[in-house]
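Got some structures for you, see below.
Each of the next two complexes has subunit A plus one other chain: subunit B in the first, subunit C in the second.
Entry: the complex of A and B
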């Protein structure tokens, strides 16, 4: 693709003086190559990725966050069902107990209408005759009762599905039947002889709809929960401690110390610090667990000194945080180290020589040469890693699952638990999305704040000398 | 397409009725997909194997009726529950759910509400064999809103275990240890005695600190048993119930266990492999687990279960609250499919697979309990001491968690509070207060606060 584009561009440059009219007819690709919109065309693949993996998810998160979507509402839409619990809600929420009682009856009646409909559908005449003679006018309380009656006929249908299908013709209730549309549902209610006022219809729809609805309750709930504040504080502590100590702080230490080493050892040390990043997370955390479990390395080492073996990882919130920050920090430091090292390499060596001639110490070199030159990389690492830490929870999930007692539960992990992890399969997509939306907003606000703090405009201004 | 819509049903009814005179028309080659949650270990193989055997029988039944039915079973096991549940729910939204899923019964409520699963009662005669032989309470556990949604795949319960040798060491005679299950059941031996004896055993230096009472290592249905032990009620007339007094006593029990040193403060979240190996080999004095642990302990090197371990119900907390156990059956469920004939075949397979002989294969191989009354007459089942004793000692007192749409949320909130008080990050009073606020703001009028 790149070659083709280069060729097209050079064709255009070569062909330009001859004029468009006189030149050979351009192919479609060449026309694109000549277009003033070429830049935009080239951005299309990136645009598609941004759209698919950033904009659409963010928009959907925003929309879902204002719904009560969950496993029980489904994602793609709901139906209208009268059930025991929806009728209970009709009584509790709308004080329509009488209507509920009227609707909440399973009634099967052997009547002419049912017999006629079944006959028209091809049910054997002798079956219907026997059914009519034995049960005409009879009511059955439930589906099992009428099915038993049909099963006992001499001329009973041969298989279970046919028996169930025949019973359906005599059903005079909507209980536990799913309707795809509101109109069908209300028509069926009406058809079974229950007439409702428009207000009663609205109440019935409210309690019978199984799908999701728009609501701001997620945010009200978030504010009202005592653990929300704790999770927020946990997140701030986790992000900024890991960021300052490791992702920026320790990364700078590594980059600067390896800068003053010979190329052989410095390459070796940098490679070692890359190991945590290239180790699969599950395996990496498992190694930390082997270290910290009560049958692990730390307990084994301390045992002979009379220290009781214990689960060091989950022993106390302080222990858990120490491990979480170390686990994340060891991974996070490597990226900063690479970026800072290459930025230091880009500093003209003449600056270092000149400073040494002036008698500058290493400390003075770091303070007056290296750090000022690293302002842009530090801005980049700080912003990038803040966002990355805010949304990362995989190492915490693998190591402590947010424990002990929710002490290490950060916002992203809490979002994951609510939206995608429930012992009883009750996943709360809507509430999870609302939690995720908060992360998106905080991320955007922090990014803008960082750009202001590091004075991004000055950093990216063209050099005055040019 | 919604199969339970009256128009569709009428069309279906017509098709079915027209074919009344002849035998039902079945597709010749059918592939039925089955997804099995709860572990891929060899001991679980009959969760799928039973369906394969059923397919063979159904093919033969069809052949006798003059039809050439060829069923292929495409099965998949999942090791991780949450990955399995995500796969099922998101697969169903995308229209790629398997015909049959094997999952915990507590999934029935949310999945039925969203239309992800369809009632097996739409396809099978509940009076027919072997459904009419399945224990009533297990059928109730497989139902939602009065409709039978699935059939139980296994039964189990979650007993309390003690290490016999340590009980002897603190002065119990063999006769007293043998009578322990009856004492637990009658309320003579309570959770207070558990803490007392655990402390004695620990103080005698028989087990290390924190090993006197060694509970389950992670969240699970087991913890509801302790809420029941203090008189808690999970659901009443279709509505969830939060019993503050019972929940407080339940949290307090675990806090007391930690305070007296018989249970570790950082016990939750420990490695399951380590846990199994320790309880199977006498490193812990008292603990609780599931009936399937019998098989696991053998694997961990304990060849003399009955000689080393005594088991019974989870003791009551004193007062009127009774000893109890929770059964948490996995169930065969049918997902909503476009092809109703395939769903009917899948339903038939589940029904056949639930017969006592086939179910006994799973029960014995995986150390679970049987689902049908006749299973006790199957030699394979009745010849197994564990199946025999566990069935008679535990199943009569077994209850199950409710199939309620909002139970999953209640459960997570309950466990969050337990974990917070257990680890000391909140006092029991603070944890209970937070649980109350969270339940009210999350479930509103869907839960009775008492």
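Entry: the complex of A and C
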């Protein structure tokens, strides 16, 4: 038994979870094989959450990206409405001006509903009776005609105002009436006296539906808008500058320089550089704002030198970018610092001693001992942080809101502005989802590429706390 | 090991680079209890007036205590969900032989790096449809889900370090795998659970985008949204007030960080912030 246990342990250590059902001695161990259902049960809660808030949202992002969903269409179904603008659209888009004119008209129909409503509001019963017997079911093209007809009744109302009021009860129009279903809507149009061919019906439904519909316009629009290109360039600039200067560059400087220090100062610097990471983003950016605002630190320091106080964060695109990169870089540097530091710690100290005996300068040590060891961690940080920088927008949102004038608007931020928050209040969920979909595709491609590129299981070797 | 080299140039260089951070934190605390004349950085009086938001509700804002309570609920319930679910799922992925294990592991890795912003629009619409928009429970579930892949991955890593002999001994004594997990393995990863718990709590306490988008209402506002709204309000510009609210907000973070720095350092190196 002891043997099997060791065998199993070494099997596991070699990372081959299924390679144990060989050999005749394993009767006792088969019990472990039964654990496969326990494993699935333990995964169920995680699975439910992941399904609800990862998989379904990803799929829905894909679906919404192909719709024109927005605040004006609503997120559930819409209704059918004839309005001035939809009739204009019918004329412009489908060249059905005549039909639009017909639907736009107001007609007067003597029907039960009108008679009833008029009776309830106190119009004399004999007037209505005569109206009903003479004109029931008749249509009048305009207000004048029906008023003339009422005036010619024997039991006509006393004055002109009453005649006008009576006519009003028979006014029929499909304008601005909401219909919940297509059938109801078409029946109403038909009852209104406008008969349509199926093609015309489709056109009418197309212009008068207020809910969202499937469309590929988002992507056409994305390609055609000059903003897209600008946002894309902003994103590339932001990601690579921050990455090279801070997330990799300065992280290397921090890791290497603290390596050459005594544990006192090196621990001090490492803790300080973790502060930006643990400080809540809202507060962290507030501190930068204090530094940059016109009553803040930079202005106060430069004041005596005759520099006008100004908001350094937003006064020009160049300054805004400087701050954005500093703000993100100081947060990003700490992750590289931690990973590089532990990689340097793994280098045998004897190498350093030997090189010093041989007279190596510090530069030579860094170049020939440290950097070759860091090749893999650098590759990892680069790829990992590319993805996370590309999709992060929290700090930019808090610091500049993409300003001045959209100069610092990156792709993720523009997604957020389009779909979830803008000054106009017209949120374009569909277009935002299409923008997000681009990030989804890039994200999935990059993640899968990383999975292939690195042996993730050993690389992100879980932090061994304790 | 560096006997040949002078140390002070490095210290000086890093000192200069680090100065802005130290400066910002120094003035963060100083400005909350002092007043400085305009255009000067040297305080001329000590005052407690910037902290009056603690007993006077700022007009148009919810009470700071309500926001604090909401933040606490948000962070702690999220943490609880993450801990319970990821310790189960992590164990299952680390130790149990089940179908499609490597598929789940790869999936967790991809999700771990998955951009939140891409899910946000769909989640926003889903919460609106099911009526959980502007509720704490909705945003708690979302935050917990987004933390899960990271939590599961970390927990799996911790379980990997527990010696198999412990479990084998348990099985030999006739325990089921479930009993082995709850009675033998979980006590062994207690420090890990604690570290993940602190990490999740801090992540929840600091979270800004999710509550901003999914629960911005006054009744369910958390401190990050409260502070951001305060700063964004142009009619009421008071940097010392902002900083005081900020210090009030960050105190729990600093306390946890000071006490658990070493544990957190390890977990942050696997963290997922830009």
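Miscellaneous remarks
We adopt the following convention: the second predicted complex is superposed on the first by the 275 of 466 C-alpha atoms of A that agree within 3 Å, B and C clash if a C-alpha of one lies under 4 Å from a C-alpha of the other, contacts with A are read in each partner's own complex, and residues count from 1 in each chain.
Throughout what follows, a residue touches a chain if its C-beta (ideal position, glycine included) is under 8 Å from a C-beta of that chain, and two chains touch if they have at least 3 such contacts.
What you are looking at is a predicted structure, and each value in this text was computed from that prediction instead of being measured.
By the touch criterion defined above, A:297 lies against subunit C but remains apart from subunit B after alignment on the C-alpha atoms of chain A. In the superposed pair of complexes, A:420 makes contact with subunit B and with subunit C alike. In the superposition on chain A, A:64 makes contact with subunit C only, not with subunit B.
In the overlay built on the shared chain, the residue A:208 is in contact with neither subunit B nor subunit C. Once the two complexes are laid over each other on the shared chain, residue contacts for A:104 go to neither subunit B nor subunit C.
Once the two complexes are overlaid on the shared chain, A:289 sits against subunit B and subunit C alike.
When both complexes are overlaid on chain A, the residue A:72 reaches subunit B alone and has no touch with subunit C. Note on subunit A: of its two partners subunit C and subunit B, the one contacting more of its residues is C.
By the touch criterion defined above, A:390 reaches subunit C but does not reach subunit B. Once the two complexes are laid over each other on the shared chain, residue contacts for A:407 go to subunit B alone; subunit C is not touched.
Note: residues 75-76, 289, 293, 295, 420-421 of subunit A belong to the subunit B contact set and to the subunit C contact set alike, using the contact criterion stated above. Note for the complex: subunit A touches subunit B at residues 70-76, 78-79, 83-85, 88-89, 92-93, 117-118, 121-124, 127, 143-144, 147-148, 151, 157-166, 168-169, 176-180, 184, 188, 210, 220-221, 224-227, 289, 293-295, 308, 310-311, 314-317, 400-401, 403-407, 417, 420-428. Subunit C contributes residues 1-5, 7, 10-11, 13-14, 17-18, 20-25, 27-28, 31, 38-41, 81, 84-86, 88-89, 91-93, 96-99, 101, 104-106, 109-111, 113-126, 128-129, 141-142, 144-146, 148-149, 152-154, 156-158, 160-161, 164-165, 168, 171-172, 177-178, 191-192, 195, 202, 205-206, 208-209, 213, 224, 227-228, 231, 239, 242-243, 246, 249-250, 253, 257, 261, 263-274 to its touches with subunit A in the complex. Per the touch definition, subunit B reaches subunit A in the complex via residues 2, 4-6, 9-10, 12-14, 16-21, 23-24, 81-82, 85-86, 88-89, 93, 103-104, 106-107, 109-111, 113-116, 121-128, 145-147, 209, 219-220, 237-239, 264-266, 268-271, 274, 344, 401, 405-409, 411-412, 415-416, 419-426, 433-434, 437-438, 441-442, 445.
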